[in-house]
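In what follows, structures are represented as structure tokens.
Okay, so subunit A shows up in both of these, paired with subunit B first and subunit C after.
Here is the complex of A and B:
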């Protein structure tokens, strides 16, 4: 019996069953069965993926399920890796959701859609034909849209975010649809093996069109520049566990799509494809983290950081393609392994961060860092969770991103200009972008953690915050365990990453190996995160002992904070997230272009006396200004022009129909 | 892990831990003499440390464990760097940690711990210092990484020991444009990172200008002693890195007593020389306005970018 088959089948059955269960059970009893069902869906996904990664091939065709093109699934190592990641995120999120959904999110629709969303995300990487892939992709888009809109009755901004998300995700879908259909038109049928066979004698122009169109669609899903605009909108407005699912699992599928189409279906391709991917990735990484550094909305910050991390992954994917097109299999393997490892790591820490942010939102009702602070007293577990996630996200040891960014940099610095001047220019810039991203990520996450959780509460809601229910803490705990494991012993996922990257690139041996020390195969490079952590711990313990021994054994004394003798300090005197980021914002003034507005109100009696000063500052998304607003204006203008055609007269509309049919008939006569 | 690495690790640990306060003493003394003062002697930082370590620590009300653990993290990260980086010997005690990315990230981790402690106090000073320090580190960390990457591209390894060994074998590299550009960039960021003039004045307590001192304002007694000690060790580590990446001669490559002795002597001489140059330079500099500092750092980032680009163009495929 094939375990992949069993796992996927069970996931589908349990997913559909828990959706049905959500529809028929009463509100009070709904959460636990749906939560358990979703955990099972995730667990079966992990099982199927793990078995596939271990080498068990699987494919199935069910021609009768969908009319015209049928349904076919196949799971290889690359799909398996994404199945494991998605399933793992779903488990943590589902456990968390049991407690989190208790307040307003226990409606029938939302609860029924959650397991379906997880299921759709599991089926996307398992799809093995264009028809199946697109149906699953659309199912994923629709279910996630329903979940994003879950809280539309509480806040007006949810509907706006939902509209942005719906439009952009569907435009992306259209691009993927056209791209894949162009490819299908040149092959025997729409199954992936047929496409693979057809790609070998595809004309370069067609291949370019297919790649660019699918790249547009997949980057819009992954939140890559310039199609990222939905991401910082939808992530903050979605319920936090849905944000975690979207940010840690769904965006990865954009990366999966690029790897599947670029490497597998089209079999590599010219160098410029991958240069484009790499440059887009580097730009997204720097731009995303800059926006995150300026943001004072906790979940928006995390959403922007998703753009950054997906950018880093794309840098790895682009470098892998670049090296593969130059014939350097070893480096291509290192780069793709770095990208896939970062996908896994990002999934772990972003789940933890979003779940912690949700816990804060649950306790205080606020995402605004300027109004938080001092949560460590009331919410110690959440504080630890967020701290761990922030450490993991900021590429510092012992964190997860530290390992994958190290691997990514290894791939980049070994890329000597064997393949021409373009590489020699792009590689250093990519190195600089990754390094700049690492530096800015440190500042961003110190801000998020330090201002949000340490210091003193800046609002009464933050002061009275209490810890979240046990199921939420358990969900965060699962994600935290994953973070710690990946940070200390990344070798547990190395075989999976290795087999996925060797399968995708068609290389002989995995690029990275080792148990305690990560060792690159073929090029010099070794790093041991475990030894590093042990060294830090040993030194700390020795240090504590030494300080006890030589320093005075006098007890700590508590004292007042230094207040310059001006009486007790109030929270209003503290630095806020905005003021914390202000120096950095000045440094990158030319890039982010903040908008400032000062209103000075004078006393009526005298214009020399100031009554009140009001200062507003906003850091708009500059790309959005430049790219989206002209397009939106154009569409609005078109709409108002087209309104002249629609006068409300039925005769007119019938006339339009008549003329259109006549025109089509004439056209047919002419071209036939 | 080999004999040379272990001996080197022990020697470096002893040298950096015991010697770094003397380095600070030498630098202060040089500065005092150049300014026409008698100075307190090079042993003064040690006497200060002894005094501070004998006093009890003070925990300000409303602070958490983060505030109490931060000095420990700061010292621990610095000590690990002092043990693994190639200062006295080219081999490292824990070779798989002597990676450029790991060393830079460890040093950044120490800074982050202090910044979080500054934020944890919830005072305006703490937040101000943390905010400024994070702005600086956000530019310093990339520059450090990129400029050392420029050196590692032609070596084909980011292991610091390998970079130093390769420069030893091919001395002509020291005067290549890559090295020179990277050296200038590194000097600028090391000045910024260790809080020296013209970026930060280590001997001021004026709120408009403070960076490092603002973060540690609430520390006292034993904790303050640890923080001061760690700052001295970080200065030593940065100067040692700068010295050995560009002028590695004298570093021990074999585990013989003579070679080790020469290694220790060379390290001490190089670091003291750099320290004297730094403090002599500081006499002639005024502190830069805070918002001019990023321009300086951005300039050094560009230099390091030029260095890494040059290294890609000049590197020979091997």
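Here is the complex of A and C:
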């Protein structure tokens, strides 16, 4: 009995069953079975993925399931890795969802779609033919759209976000569809093995078309520039556990698609493909984190940070492709391992962050950092959770992202002497971009954590916040455990990353190995996160102890805090998210181009006396302005021209049909 | 049934089919139009019955009876009921294209129908397929009625003419599209008529009229 088969089969069965269960059970009893069902779907996904990563290959064909092209699945090490990540995220999210969905999200539709969404995300990497892949991809897009729209009755902005998401995800789908069908047209059938065989004697032009089209589609799913516009809209408006699923699991599948098509199906390719991928990744990383640093909406910040992290992953993927095309298998292995490890790490800490943000939203009803603060007293566990997530996300030594970003930097730095002028220029720039990203990420997450959770509450909602129910805390706890494990002993996932990257690149041995200390095989470099953390702990304990010791010698005196004589300090005087980001905003003024608006109202009697001053500032997405608005204007203009055809007269509409039919018939008669 | 008789009866049925379609264009009284439509249903049923007798198929005979009941009985009755509820509006007063031009257009459409069906006839020449042109013409004339008549009721008749034409083409080309398909299509038509009847009533309640151009006001 093949365990991959058993795992996938059980996941499908349980997923469909829990969806049905959600439809028939009454509202009160719905959440627990759906939550448990989704946990099981995730667990079976993890099982199937883990077995596949361990080396058990699996493929199955069910020709009768879909008309014309049938269904076929195959799980190899690369698919297995993404199965494990998706399944793991789903487990934490499902546990969390039992408590989170109690208020308004326990409707029949939303609850039924959640397990299906997880299932679709598990089936996408398992698909082994173009038909199957596209069907699963579309299922994933549709189910996620339904979930994004779950709270459409509460806020008007949800519908806007849903429209953006629907349009962009489907345009991406169309690009993937065309790209893959062009590839299928040059091969025997639409199964992946046949495509691999056909790619060996594919003309470069066709290969370029296929790669660029699929890259467009997959980057739009991964939230990479310039197709990122849906991400900072849809992630904040979706329910938080859905945001976590989308941000930690769904966007990864864009990376999976690029790796699958670029490395596996097309077998590498020319250097400029990977240069393009690397440049897109680096731009997204810097731009994403810059937008996040400016944002004062907690979930929007996290969404922008997803763009950043996917950008970093793409830098790794692009570097891997670049090294592979230059024949340097060792560095390619390091770069791809870094990318895949960052996928896993990002999934862990982004799940934790979104779940904590959801907990805050659940307690205070606000995502605005400027209205939060002081949550440490009311919500200690959530505060710890978000703090841990922020540390994990900010690429500092004891954090989770540090390990993968260190690996990424190792690959890029060792790539400097690699051949080619383009590489010699791009690599240092990429190193600089990754370093800049890491620095900005620290600032961003210090802002999010410090302003959102510490200090004094800035609103009554934040002051009265109470801790979330146990199931939500349990979901966050699972994600936190994953974060800590990945930060301290990343060697637990290294074999999986190694086998996925060796399989993808076709190299002989994994590039990174080691138990406590990570060793790069073939290039100099070693890192031991566990020892590093212990050393840091020892140093800080010693430091704090010494300070205490010195401070204890003097007698303590209790006094009021110095307030410049301006009376008691009020929360209005605190740093806000906007003010914290202001220096950064000045530095990057030319890039972000904030819009400021000052309205001064004077007294009627005298224009020298000011009655009120109103100051407004927003940081719009500049790229969106430049790229999207002209296109949208064009479409609107086209639409209003087309409206002239539609006057409202039924006879006219019928007439269009009649004349068209007659015209076609006459054409038929004439041309025959 | 001898071959000659079969051809004569087939042609007669088709002739009546075409003639009734043209009559719908010619007459303005809605009551007369409904009567003509019922006659067309009869002709269609006769056409299918002739085909059934020629092929000795009992199933086709059953379909003929069904068509007779539906298109010469039930549908005209429904239309008559709608007309009775309509009150004053008993005439198609100002069609978008006047009657003389409509008849000329019908002639052109007939030519078009014949021209289009030639390739179909060439595939398998037989008395039945040669009559396909009539079915085509009825479809086109039905569409023309739909486009040019103002009253909801006459538009309904136009829609039903199209369906009659499609059914005729179906039976003439394939000698029966299968009982299940025919049953499904007929039920669809019945449902469409019921829905349209309700719509007509609603329109009258809202606008006091069933002139479809009144709907223009609904345009934003």
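As a working rule, the second predicted complex is superposed on the first by the 625 of 672 C-alpha atoms of A that agree within 3 Å, B and C clash if a C-alpha of one lies under 4 Å from a C-alpha of the other, contacts with A are read in each partner's own complex, and residues count from 1 in each chain.
One rule holds in what follows: contacts are C-beta pairs under 8 Å (C-beta built on N, C-alpha and C of every residue); 3 or more make two chains touch, one makes a residue touch a chain.
Note that the structure is a prediction, hence the values are computed from the model and not measured.
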Touched partner set for A:666, first subunit B, second subunit C, both or neither: second
Report for A:62: first if it touches subunit B alone, second if subunit C alone, otherwise both or neither. neither
A:540 in the overlay: touching subunit B, subunit C, both, or neither? Say first, second, both or neither. first
Of the two partner chains, subunit B (first) and subunit C (second), which one does A:556 touch, if any: first, second, both, or neither? first
In the superposed arrangement, does A:527 touch subunit B (first), subunit C (second), both or neither? first
Answer with first, second, both or neither: which of subunit B and subunit C does A:413 touch in the superposed model? first
Quick one: is A:648 in contact with subunit B, with subunit C, with both, or with neither? Answer first, second, both or neither. second
Going by the contact definition given at the top, which residues of subunit A touch subunit B in one complex and subunit C in the other? none
Going by the contact rule at the top, pick out the subunit B residues touching subunit A in the complex. 53-62, 64, 66, 68, 72-73, 75-77, 79-80, 83-84, 94-97, 99, 101-102, 105-106, 108-109, 112, 115-116, 119-128, 130-132, 134-135, 137-143, 145-146, 149, 152-153, 156-159, 162, 217-218, 221-222, 225-226, 290-291, 294, 298, 301, 304-305, 308-309, 311-313, 315, 317-318
Please give the residue numbers of subunit C that touch subunit A in the complex, ascending. 96, 109, 112, 115-116, 119, 140, 143-144, 146-148, 150, 212-213, 215-219
Residue set of subunit A touching subunit C in the complex reads 646-651, 654-655, 657-658, 661-662, 665-666, 668-669, 672
For the complex, which residues does subunit A have touching subunit B? 293, 373-374, 376-377, 394-397, 402, 405-406, 409-410, 413-414, 416-418, 424-425, 427-429, 431-432, 435-436, 438-440, 442-443, 446-447, 449-451, 454-456, 517-518, 523-528, 531-532, 535-536, 539-540, 543-544, 547, 550-552, 554-563, 569, 571, 573-575, 579-584, 586-587
